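Provided herewith is a single structure, encoded as C-alpha cells, for subsequent inquiry.
As written, the chains take the letters A, B, C, D and E, and residue 1 is the first residue of each chain.
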Amino acid sequence: MLEAGSDQHSTPWNSSEKGANALGNRSKFIWSRLAQMVLTLWIIATILFFIFRLMPGNPLVAYIDPTFTKEQQDILMAQFGLDKPLWMQYLIYLANLVQGELGDSFKFRAPVMEVIWGVLPNTLYLMLFSFVIAYLVGILGGVLLAWKRKTKFETIGIIATLFTRSAPQMWVGMIVLVIFSFHLNWFPSGGASATGVVYASEWEKLTSLSFLKHLFLPSLTAAIYLMGLPLLLMRSNMLDVMGESYVEVARMRGLSERRIMLKYAARNAALPVVTAMAVGIGYALGGNVVIEMVFSWPGLGRLLVNAVSASDYALAQGAFILSAAVMVIMNFVADILYSFLDPRVTFGKGR
Amino acid sequence: TSETQTQPKSTDTPKTEPADAKSREIRTLQILSRPQASAPDEYERANLIAGAMKELGINAEIKAMPYEQQSDIVWYKRDEWDMTGWQMAARPERLDPDEFVYNLFHSSTAKDGYNFIGYNNPEYDKIAEQQRITVDREERKNLIFKAQELIASDVAYLFNVHPKLKYVYNHQVFDENSIVEMAGMGIRNIWTYLNAAPTGQQKNMILNSNDSVQALNPFYISGAFDSWVTELIWDRLMRIDKDGLPKPWAAESVTWKTDTQIEIKLRANMKWHDGKPVTSEDVKFSYEAPLTGEVPMYKPFVEIIDKIDIKDPLTLEFTLKRPWAAFETASLSKLNLVPKHIWGPIIEDLKNKPENAESYQEKTPIGSGPFKYENWKFKEEVVLSANTEHFSPPKIEKWIMREIPNTEASLGMIENGEINFLAVFPGDGQLLQQKVEASPNLTMVTTTDLGFQFFAMNHRRPPFNDVAFRRALAAAVDRDMMAQVVYKGFAEPGDSVISPALSIWKNPSLPYPTGGVEEAKKILQEAGYEWDAAGKLLYPAGKKEELGK
Amino acid sequence: MSLLEVNDLKIYYKTSRGISKAVDGVSFAVDQGRSLGLVGESGCGKSTLVKGIIRVLAGNGVIAGGSVNFEGNDLTKMPESHIRQVRWKDLSLIPQAAMDSLNPVYPVIDSFLEILMLKGKLSRADATQRAQELFTMVGLDTKRLRYYPHEFSGGMKQRAMIALALALSPKLVIADEPVTALDVIVQNQVLRVLKNLKKELGLTLVMITHDISVVAETCDDVAVMYAGKIIELGPVSRVLKHSMHPYTMGLANAFPNLKKTESTLISIEGSPPDLVDPPKGCRFAARCPFQIEACAQEEPSLVSVGDRHFAACHRLDEIAVLQEKAKEVDTWRKIPS
Amino acid sequence: MEQRPVQVAYRKAGFLAVLGKNLAGVYRFLKNDPFSMTGAVIYLFFILIALFAPLLAPYDPHEMIKHNGKLAFNQPPSAEHWLGTTNMGRDIFSQLVYGAKPAMMVGLTAAFFVVVVGTLVGLFAGYYKGRVDGVLMRVTDIAFGIPFEPFVIVLVAFLGPSVWNIVLAMGLLLWRDTARVIRSQVLTVRERSFVEAAKISGASDLRILFVQVAPNILPLSFLYGSLAMGWAILTEAAVSFLGFGDPAMMSWGFMLNDAYASQALSREAYWWIIPPGIFIMLTVMAGFYIGRGSEEILYPRLKNQ
Amino acid sequence: MAENPIIEVRGLSKHFEARQHLFRKSSTGAGVLKAVDDVSFRIPKGHSLGIAGESGCGKTTTAKMLLKLYEPTSGSFLFNGKDITHLKAKEELKQFRKQAQLMFQNPFEALNPRFTIFRSLLEPLIVHDIGTKEERAALIKQALEQVNLIPAENFFEKYPHQMSGGQLQRVVLARALIVDPIFLVADEPVSMLDVSVRAGVLNLMKTLTERLQLTTVYISHDLSLISYMCEQTAIMYLGKVVEIGDTMSVLQKPKHPYTQALLAAVPSPDPDEEPDEVLIKNHVPSPINMPNGCHFQDRCPYTEAICREKTPELRQAETGQIVACHMVTPFFDRKAEREEHVI
C-alpha cells in the first residue's frame, strides 16, 4: 500500500547511497499490485457470472419466437452455451475472458466485444470532454474560492457548487435540453453526430463542428456535476496547503501572490485532485448512464442499461467487466500517479 | 369535490355473510405488469383494472417487473400467474387474421405455444382449423367472425384498447398527397417511403426510432426497427398493400394452380445491389435456406412448403403440404429474397459451426429492394439510399433512421426540423396534437393500430376458469375510460383480436360483456357468487379454491 | 541610526473570543552587525512580533499601532508591492517551522533558483553556482541540492533555510526558533553556522528562542518578552547575570546547568495571562513572588537600569534584595492565585 | 466529597456514551455553524414533512382525481391543486409531500449502512494493520473496482424494483469510500500517544479501538454519513429515472421520471418538473452543508484563518 | 550488585524494514534499519537510568520494548527476574501492564482529546478492574492531588485542550501512577513544556519516584536534565550503547568521544562561559545498512583502521563506567564478561 509522506519513521537522510535492491523491491510492488488487480477482476467477474445466471427470466425469452419448436429452442440454447451445466459455463466463461473473449450478445447476435467497441469511443469522447471542462473549471474555481476565503464570493461560490453537485443529472440535462436545444435551438437535442454524415476517420469526426456541437450539451451536463468534486477538493486542499508554513515562507520571500497561489499552493493542492481525476475517469467510464439516456448518446452506459433490462447478460456482463477493468486500472494509475507526483510517498511494507 | 374512482361502494354489499365464507374466499390476485417507467400505459391500465376488481370485492395486487421477467413467467411457468398485461404488436403479416385467430387460442398451442392463457374450446378449435384451409375469402370471413364471437362471449382475453398510432411528418418537405396510409399500420410504411415526394431542398426522409437496430440481416429480425430497415433492403415475392391484402411484388404474378400449388413468375431485369441479376435460383434458395436449420426464425413459415420447382430463370412452382389460407401473407410476403451467391457459401460454412445465420452480419448488406444500404452507425442511425434501378424507385434520395430514445427529444426534433418524420411516439398524443396544430409545418396522421392491448387471464386457475367470472370482470372494466384517461383519447376500446382498422375481418357486433360494475355484480350473483360482510367476493357455494401446483 | 527600530508596535489578532493583544506596545532597536536574542515563554508573542515586522501576519492579524523603521523606512506604512521587494532581499525571516518551510514537491535547489533568478535576477547558471556557494557556506554537501526536503534531516533543513535566507545577502536576518526541536549536536552545528556568518559577513541577526542557554551562547543582546510585552532588554551578560525583572530571574532558576549539578531547579508556577483580556497592571504580577499592591494596579514601563539595560518592574529600587531572594526555592513556592 | 460529576461520568462510560456525547457535541457545533445549521434545518424540515405527510397532503398521491366525474389531468396549479395534477390526474403537491418519506428513508438507511460498515471496516483495517488490513483493504479494492451505477442497475434488475434494493446496493458498495478514509484516519490516530497510553494501561485492542480511537474518527464517519445520504437520494432518483424504480413508492425520482415520461417538459409543466428536482437538490445539499460544517470540526485550524 | 534488578535486558535488538519511494531513487535504498542493536543493561529496584543520545539513536525504540509495545527482534527482557520477552498470555501481560508505565513526551497528545480528565484517569481503573465506583472516584482525586492538581474536582470535567501543558503533563503522570506501577519510563517528559514550568514537573517526578520507590528509565537528549534526574546514564549512538555507568562518571569524566562531543555541544546558560569545541564531523549516517565496525567511525576524530573493521566491545574504564571504543586509554587487558558489563 502506498501511504502519503507523513510517515515520520522513514527519514532516509544518510549521505551514502545504497539503493542496491531498490529496483527489485519496486518491481515487486508493482507486480503484487498487478496481481491484486487481476484477483479483483476475477472476483468481480465471478460475482457477475452468478448474478446474471441467477437472475430471473430466461435470457432467451425475448428471442425465442413461440412458434419455435423445442428443437429450435435447443439449438439456440446450445448456440449460447446455455445447455451446459453451470460450472462448465463458468469455466468456459473464464477461459474466454482470459482471451478477451466476452461471448456473443443475445440481443445483437454479435460478439460482445464488437458491440461494445461500437459505442466505446463515444463514451470516451463524452467522458474526456466533460472531464476536461470539469477539471479545468473545477481546479481554477477551487483555487479562486480558497484564495477568497471568508468573502462573499466564497460563500456564493460554494453554495453554487453545492447546487451543481446536488442536482439530479437527468433533471439538469432536461433543463439544459429545453433551454439550449428546444428553445434556443443552438445545439442538437440528441445523438452523437449530424444526420447522415459519414466520417472518414475518428479524427475527422472528433474535429468536425457537428460532432462537437452534439458533444457539447451532454458534456456540459456531465461537467456541471463533475466539476464539484475537483472544485471542493481543490479548495480544501488549498486551504490545507495555505496553512503550511512553506506557503507562508514563500510570502516572506516576497514572491508575488499569484506565484505563490499557482506554484506553491495550487501545485501542491492539485496532487490529490489529479488522483481523484484518475479514479473519476474510472467511475465515468462505467457510463454516464443517465446522461446518455437524456441526450440519446450512443454510449456504453446506455448499452449497459438496455442490456440489463433485456436480460442480455452476455452483453451486460461484458460492459460491466469492461467498466470494472477500467476502474481497477484507473485506481492503479491513480496510485502510481500519486506516488509519481509526490516525492514524499513511500511504499512497501512499513514495519 | 373529488372522488376516488376506486372506492368500493359499501352500501351495495349484502349484510349477511354465508356460513362457509372462510373457505370460499378468493385469494389476492396478482396482476403482472411492466413497470410504470417502461410501460406507463400498461401500468395505469393495471391500476384501473385493480380498481374495478376492488369494486367487485376482489383483492388485486400489481406486480411490476421488466418484460423479460414477465414473459419468463407467462411463457414458462404457465400455471403460476393470474393476470398479466400483454400486447400484440402490429406487423404486416398480421394483417391476415390467421396468426391471431389460430395461434393465440387453439388448444394445441396451450402447452408451449402462443395460447399461454390456456384457452380450451373444442368448438373454437374447429373453426380456427377450418379458416386456415378455407381459401375462399367470403367463406373464411364468416369463420373469422364466428371465432371472434366465441372469443368475445367466452372472454378469452380481457380486452382493453387498440391504441391509435400517431405519426407526424413535415409537409414542407413532403407533398401531402404522396404520403400513403395503410390500414392498421398508418403512414409509416414502405408505400410512403416509396411514394413520398420531396418538394424542396430536403430530399431525405429522416425518421426516428426509440430503440436500437440490432441487426441488418435478412434471416434475423429481433427488434421492431430491424424490420423497418430490412423490408426496404430486401424484396419479397409479395408485399402487403395499403388495403391490407398481399399483392405481387418481386413476383410479377402469383397464380394458385390448386389449393396447394402456386406458380410464381418473377419480374424481369431485377438486380441485386451488387449488380447481379435476381433469378429463380435465388428465390428457391431464399425459401429453402430456413429448412437447413441455420435460419431458425423463418423455419415456421416455410415448413408448409413441400417442394419448390424451378421452371425457368424467372418461374417457379411452390407445392404445399396442405392448403394454407395465410400463405401469401405469412410466407410469400414475409420471407426476404436473398442473393444465393452471397448467402449460399455463408450457410454452407455455418453448417460446421455452432453459430447460425442469425449471428452473421454482412459488412454491406446486399438485397434487391428499393433502398440500398449505405451506412449504419450503431445506436445512432441507419442510412439507406434510393435504388434508382429498382422497378419501383423511391422519390426520396435517402432514408435515414435516427435512434432517439428520449421521447421529449424526438418531439423537439420534429418541431425544429432535425427529423421530418416522427415514426414512433410513445408519448402523449394530445400534446403531440397541440404541438402539430401550433406548427405551420407539421401534419399529424392517426390510425387505429392493428395490434391491441389487453390483460391475459390464466384460464387454468380459479377464478378465471369460470366464464361467468371472466364475463363479470370484462363488464366491470371500463374500456372507454381507459381510452380516454390512459391514452388521452388516442385509442379505441377493444373487444376483439381483430382491429377495427381491418374492416374486412372485424366482426362489428360482438357479445363482449359491458354494463359496468352493476352488470358485473349481476353476472356474478347469477353464477352463485356471494359477498361476505366486509364486501369481499366469495366463490359460489361448494366451490373451493384449488391451485394445481 | 539603528538598522531596525521598532517603536511601540501593537499587533492584534481578531478571534472569536475577542481581540487578542499578542504584541502590545513593543519597542527595541537592533544595530548593524549585532545580534539580538528574543526570549520568552510560548505564546508570548515572539513570532507575532517578527512576522508583524515584515507584515506576513495571518489573515486575522493586524498592526494596530506603532512603527517599524528599517533603514529609515517605515515598513508598516509601505505599500504591499514595495514591501515585497524588501522581503528577503533586505530582510529575511527564517520561520519557526523551518522543517516544513521548503515546498515538499520540489527539490531544494528549486527554492534557491526561484529566489535567485526571480528576485536576484541571476541567470540559471549563476544561480546554481550561488546556491552551491551558499550550501557550502552552511556546511552542506552541494550534492544535496538536488534532494527533496523530506530527504533532509531537521538540522540540514534548518541549515538549508539559513542558506536560503542569505541568498540575496540581506542586511537583517530574523531566525524564529532556529534550533528548537534539534538535538544538542545539531543545534550546536546550526548555532555555529550562524555565529560564523555573523562574524564573516557582518550579518545583523535577530534570533527567537525560549532557551536562554542558546541566547547566552550566541547573542550580543537579549530582549525578554512576557505576554506581549518586552519586560527586560539589554546586553546578554547583564540581563542574564544581573537580571532586573523577577521573570528573568525565574527563568534563570529554571535552567539546569550541567556544570552545577547540585543546585535544584525552580519553576515559575502558574501560566501567562489571557491576551484577549490581559490584567490591568503588570502582566507578570499574578505569578510574581514579589508582587505588591501597585503591581496589580499600574503597568510598569520599561526604564533604563544602566548601560543599555532596560527593565519594566515596580520594585527596581529594591532589586538587590529581590535578586538574593530569588535564588531560594521557597520564594517560588506556589503563590495563591 | 463531591459526587456529582463522578457519578455522571462513570455511568456514561462506554461507546454509547461517547456517541451520546458526540450527539450533544453535534448540537453544540450546529449552533455555531450557519452552514451545518442550514443543513440540519433542511433535514428536520423534510423529516417533519415525511412524518406528517398524510396530514399535509390533501390527496392520496396515487389517487386519480375526478372533478364532476371527469378526470382532472394535466392541470396547471390552482387553489385546489397547488402544483397542478399529473397526466393521470394525480395531485402533484401531494406526491411531493409523500416523496419526502422515501427520500428520508432511503437517505437515512443508506447513510446508516455506509457509515456503520465503512467505519467498522476502516477501524479494524487501520487499527490491526497487517493481515486484517490486507484482507479488508483487498475487499475494499474489489468494491472500488465495481462501477456503482451499473451495479445498482444490475442488482435492482436482479432483485426487483424496490427502494430497499437500491439501499442494499449502496450498502454493499458505498462503504468503500468511508472505509478508506476512516482507515487512513485511524492509521494516524493509532499512532497518537494516547492510544499507546491506553495500551500501556493494559486495555484490550477492542477496547482501545472503540473507546479511544472510534470517538476520534466519529466526525469523519458523520461527514461521510451526511454525504452518503445525498448519494442515496441521487441514486434513487437516477435509478427511478432509468425505469428501475419502485412504482409503489412515490419518490421524487419517480415523480421526475413520471413527468419526463409524460412529456411534462414539452408541455412546459414546470410545476411538475421543478419541485421534485429542487427537493432532491435541497436534501442532497443539506448533507453537503452539514459536511462542510464538519470540515471545520475536522480541520480546526481552518477556523482561525 | 547485590540487589536483584527489576529490569534486565540482554542483547536487545529491534530492526525495521525501510521503505522507499516508487519512482525517485531514494538516498537510502531499501534495507534493514537497526534501530536498537544489541543493548544490555540492568536497573536495580528504585534506581533510575537515563538514556541520552542524538535524535534517531533508538531511545524511544528501547523504551517501547521495555514497555512491550514492540516485540524485540532478538535478545531478552527480564522483568522482576522473569523473562517476559515473548509474553503473550493475556492475564500476565495485563499484570505487567499494571506494573510498568510510561510518561509521554507530548502531554497534548497523550490524552484522548475527547475524554475529560476524569474519564482519562478512569480508563486504567476500568481496565484493571480496580475499586468500586466510589473508590475509583477517590483514587482519581487522590492521584490528581498527588501531582499537585488541587482542588482535584476542578479538573475532573476539563478537557485536555482546556489545560496548560504543565498541568497536562501532571495529569499524564497521575494516570501513570494511579495503577501503582513499580517501573516507570519517561520519554522526553518535559521537552514539549515551557522552561518555566519544566522544573516543576521534573521536581515532582523526582520526589514522587523517590517516595514511591519506583524504578525509572528517563530518556532525553538533554544531558543536563539527565544529570539532574538520574543516578545512572547510558549514552546511545545509532542503536548501540556506547557508554554506560554512574551519571557522575559518565558526564564528568566521559570516555567515549561521542559522549565528549555530546557534552561539549550542550549550551550553557552562563553567557560568560566559553563554549567548548565540538570535535565531531559530518552528520549522523543513515541507520539503514550500517557498515562494519564502529558506528561512530565516520564522525570520530580519532578513527583508526581497527574502528572500520571491528565493532568495539564494551569495556570498563578506570573511571568506573563501561565504554565501547577501541581508542579508550588506558586499555584494560581484562575483557569483562558481558554479565558484568552491565550495571
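Throughout what follows, a contact is a pair of C-beta atoms (placed from the backbone, for glycine too) under 8 Å apart; a residue touches a chain by one contact, two chains touch by 3 or more.
If you want to know which protein each chain is, UniProt gives these names: A, D = ABC transporter permease; C, E = ABC transporter ATP-binding protein.
Fair warning: this is a prediction, and the values are worked out from it, not measured in the lab.
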{"item": "Third chains touching both chain D and chain B", "value": "A"}
{"item": "Where chain C and chain D overlap in contact partners, by chain label", "value": "A, E"}
{"item": "Chain B-chain E separation of Cα centroids, rounded to whole Å", "value": "89"}
{"item": "Rounded Å distance between chain A and chain B, as computed from the means of their C-alpha atoms", "value": "41"}
{"item": "Between chain A and chain D, centroid-to-centroid distance (C-alpha), Å", "value": "24"}
{"item": "Centre-to-centre distance between chain C and chain A (centres being mean Cα positions), rounded to whole Å", "value": "52"}
{"item": "Multi-chain contact residues (two or more partners), chain C", "value": "59, 148, 151, 153, 156"}
{"item": "Chain D: positions in contact with at least two other chains", "value": "157, 241-244, 260, 265-266, 305"}
{"item": "Multi-partner residues of chain B (each touching 2 or more other chains)", "value": "38, 66, 408, 412"}
{"item": "List of chain E residues in touch with chain D within their complex", "value": "67, 69, 90, 93-94, 97-98, 100-102, 104-106, 109-114, 116, 118-120, 122-124, 126-128, 133, 136-138, 140-141, 153, 156-157, 172, 175, 179"}
{"item": "Footprint of chain D on chain A - complex, ascending", "value": "1, 3, 6, 36, 39-41, 43-44, 48, 51-52, 54-56, 149-150, 158, 162-163, 165-171, 174-175, 177-178, 182, 236, 239-240, 242-243, 282-283, 285-287, 289-290, 293, 301, 304-305, 308-309, 316, 319-320, 323-324, 327-328, 331"}
{"item": "Complex interface listing, chain E residues touching chain C", "value": "24, 26-27, 54-55, 148, 164-166, 194-203, 221-225, 227-228, 251, 261-273, 275, 278, 280, 283-284"}
{"item": "Residues of chain A touching chain B in the complex", "value": "56-59, 61-63, 65-70, 72, 75-76, 78-79, 104, 107-110, 115, 118-119, 174, 177, 181-182, 185, 188-193, 195-196, 198, 293-296, 298-299, 302-303, 306, 309-311"}
{"item": "Interfacial residue positions of chain C with respect to chain A in the complex", "value": "54, 56, 59, 83-89, 92-93, 95-98, 100-105, 114-115, 118-119, 141, 148, 150-153, 156"}
